[in-house]
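Letters are used for the chains, namely A, B, C, D, E and F, taken in the order the chains are written, and counting of residues starts over at 1 for each.
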Amino acid sequence: MSSSATQVFEIAVNLDDVSGEVLGAALESLLADGALDVWTSAIGMKKNRPGVMLSLLCKPEDRDRLTRRVMELTGSFGVRYRAWDRLVLERTEATTQTPYGPVRLKVGSLDGRVVTVKPEFEDMRTAAESHGVPLRKVLACVRQRSGE
Amino acid sequence: MSSSATQVFEIAVNLDDVSGEVLGAALESLLADGALDVWTSAIGMKKNRPGVMLSLLCKPEDRDRLTRRVMELTGSFGVRYRAWDRLVLERTEATTQTPYGPVRLKVGSLDGRVVTVKPEFEDMRTAAESHGVPLRKVLACVRQRSGE
Amino acid sequence: MSSSATQVFEIAVNLDDVSGEVLGAALESLLADGALDVWTSAIGMKKNRPGVMLSLLCKPEDRDRLTRRVMELTGSFGVRYRAWDRLVLERTEATTQTPYGPVRLKVGSLDGRVVTVKPEFEDMRTAAESHGVPLRKVLACVRQRSGE
Amino acid sequence: MSSSATQVFEIAVNLDDVSGEVLGAALESLLADGALDVWTSAIGMKKNRPGVMLSLLCKPEDRDRLTRRVMELTGSFGVRYRAWDRLVLERTEATTQTPYGPVRLKVGSLDGRVVTVKPEFEDMRTAAESHGVPLRKVLACVRQRSGE
Amino acid sequence: MSSSATQVFEIAVNLDDVSGEVLGAALESLLADGALDVWTSAIGMKKNRPGVMLSLLCKPEDRDRLTRRVMELTGSFGVRYRAWDRLVLERTEATTQTPYGPVRLKVGSLDGRVVTVKPEFEDMRTAAESHGVPLRKVLACVRQRSGE
Amino acid sequence: MSSSATQVFEIAVNLDDVSGEVLGAALESLLADGALDVWTSAIGMKKNRPGVMLSLLCKPEDRDRLTRRVMELTGSFGVRYRAWDRLVLERTEATTQTPYGPVRLKVGSLDGRVVTVKPEFEDMRTAAESHGVPLRKVLACVRQRSGE
């Protein structure tokens, strides 16, 4: 579809016997273990159980390792996985100055055209905390300068 | 507001250390213990935890007993409650015949005017199972006859 | 708490016998009937039912009328309501020019200090559609000019 | 699986930097751009973020165009897609008369047997609004006549 | 990936014209019909509709039968399905004694190492009800003995 | 209701113009600012918007300060609040030894009877990380020793 088309794997498991406390820690562990993204979705399961689907995206070479990791972290008897194709933007880096300090930007292009500009969240948070202003104020300043 | 205005209490608790398995059983126990309604809502809590808010409605005279019951069933350190006013319809009973057998109806009126007609779910389920048809088929028949 | 403190009523109902199609129309009707805000929340109910809580906020003088309206639109046998206090910002109007045309702004102040600036969504949508650009591009331009 | 088996593509993206206001407009744009269905799901993401998964179904020939469109509308750096097989009913049209006017019906059959009858929502809404009755009343009338 | 790798099919449908009451019954029917797992997810659909995605996992040989079953139970015009690979633990059975009676355990192993021990929910529920204690108390006793 | 009955305030706001990224940071800020609990709920709003309700519980003396803080962090034009009564358990502290190190316990009693025992999450996380075992393993050990 494009030179920037890639393949990723989704690993998913439905859980009704793990608490939110354990799931929050599992989400952080899986990101530290190399998952590209990890998220939870609320689902309704049998016997009136409010369950959670834990999902992640990873590179093909991490699939088997992370499938086992999900089993260890959740104690599930079955974990499923399958491939997705993915279109990703080419990335370049930039930096913008704000009254609260510099903020790095990720610039995303498709077929040579800039589609999006995303400020680094941690730079904005650091700026907001060091100046005691709400994060959304820093975000507004970045947008004034970056056009996003 | 109307002779059919009443007061109910809502009891609620936010949980991040109880599994869906335990919550499903708690929901059933609380209904058996006299709650008017019990439900769960998915909430996002601190530390990336997918939590659950367990809520119920009850009569004022059941409030203290059920608040304690929620604590026992969930192990929570704090359970909150507050009053709601409620407008309820006057109810009458009726029955409709369907090819799958009789189904009772609850007829709801406000200020003497019929506002809604609700078939008894368990009658419909029994009819559906005994005739091997989907529940929605029985529901359609009931609606043909009841005008709802 | 402040000269801008007001009281609003919340009206709520739990539903397991109404479809999303009917609920979407009910949400629109209630806004047209004068509700300040209307929203739905997914809830888990008895017998494995994925239910919906329909909620709205309204002025005290609209409470009785809208409670009845919720009953008519949903066919529910019981609708609950209760008061909330609310802190609201003082509002002033402004307009900003963008390459896509003018966009009105709502400026919100608390104790004489500007807290937020919100562009009119419909102005942004009109601008986006008339120029064939994504809404988020118009939003970015507005933020460049308004500092939000 | 059947002569009515077809293939559709799902396009999905996880978002934590786009507001509901922008997502609601994106959903409408994607339907106007030819998506078969578009929906949002609430997800819990890293750093306590309440995120949204935006998903759509489309015909294979629209996949590349709509993948790019999702990128433009959301500003996401990565959008994923994959194929599903789908079983679809054969459709025929019908019309039923109600006290509120005519309502068109979609009749769905599988292997020559009628499985479902679905009234046109917009016909029901028009009828409800022109007669000042709740949509569910019109729906009830249609069901009385269509057997659904 | 392992001798315990298997393939399952996911069958899914988006619904905006079926109530929670009917969906709860459909979930139970599909489990009785041989689905490995069935769940619902809340989704936001066009026209402000709070919809539901009904999903299930099944063995490849049950795919066609259950796809038709989903159509009959929900009346949907289109039901989609696709394959997932799945890693499943080897299972062995055990039993633990508690003050509330015996509780069976499922022991899950991967590559010969025990990964998880799961008590039978119904055994715990029976024990809890017969002794009038909260389910979580029985669960705690089981964990004391099983190390999970 | 009991000597351990207290009053808390809930502060809530419905948001459709703030991203998950900003909301995740707001949740953390509000906890740092003294809220007793903060959580998000997914809601469906007008114009097909997937919105978020941000809610918190606080002590009566923090109500006005935190209401203003929610406005600053979210830019909302209106924030609502109301009182709840709450039943809280008496707390005592304990410590249990595990193969992974000591873990503090909060013991909760009602009318002099122990109702629940909750291990300190951060102690368990530290133990799990320092020994490279899943959190749920540490949790299982704690339960073996604490009877919860």
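Side notes on the structure shown:
We take it that a residue touches a chain if its C-beta (ideal position, glycine included) is under 8 Å from a C-beta of that chain, and two chains touch if they have at least 3 such contacts.
All figures in this text were calculated on a predicted structure; none of them were measured in a lab.
Most remote from subunit D, judged by the distance between CA-atom centroids, is F. Two copies of one chain, subunit C and subunit F, touch each other, and the residues they use overlap weakly: the shared fraction of interface numbers falls below half. A count of contacting C-beta pairs for A-C and for A-E identifies A-E as the more extensively joined pair.
Subunit D has its Cα centroid 23 Å from the Cα centroid of subunit C. Remark: subunit B and subunit F have CA centroids separated by 27 Å (rounded to whole angstrom). For subunit D, residues that reach two or more other chains under the stated contact definition are 17-18, 21, 25, 27-28, 40-42, 44-48, 50-51, 72, 75, 82, 121, 136, 148. Taken together, the touching pairs cover every possible pairing of the chains. Subunit A meets subunit B in the complex at residues 15-21, 23-25, 27-28, 40, 42, 45, 47-52.
Subunit E meets subunit F in the complex at residues 42, 44-48, 50, 136, 140-141, 143-145, 147-148. Contact residues of subunit A toward subunit D in the complex are 1, 8, 27-28, 31, 37-42, 57, 82-89, 91, 106, 108, 110, 115-116, 118, 121, 148. Listed in rising order, the residues of subunit E touching subunit D in the complex are 12, 14, 17, 41-47, 51, 53, 63-64, 67-68, 71-72, 75-82. Subunit B contributes residues 18, 21-22, 25-26, 29, 72-75, 121, 125, 128, 134-136, 139 to its touches with subunit E in the complex.
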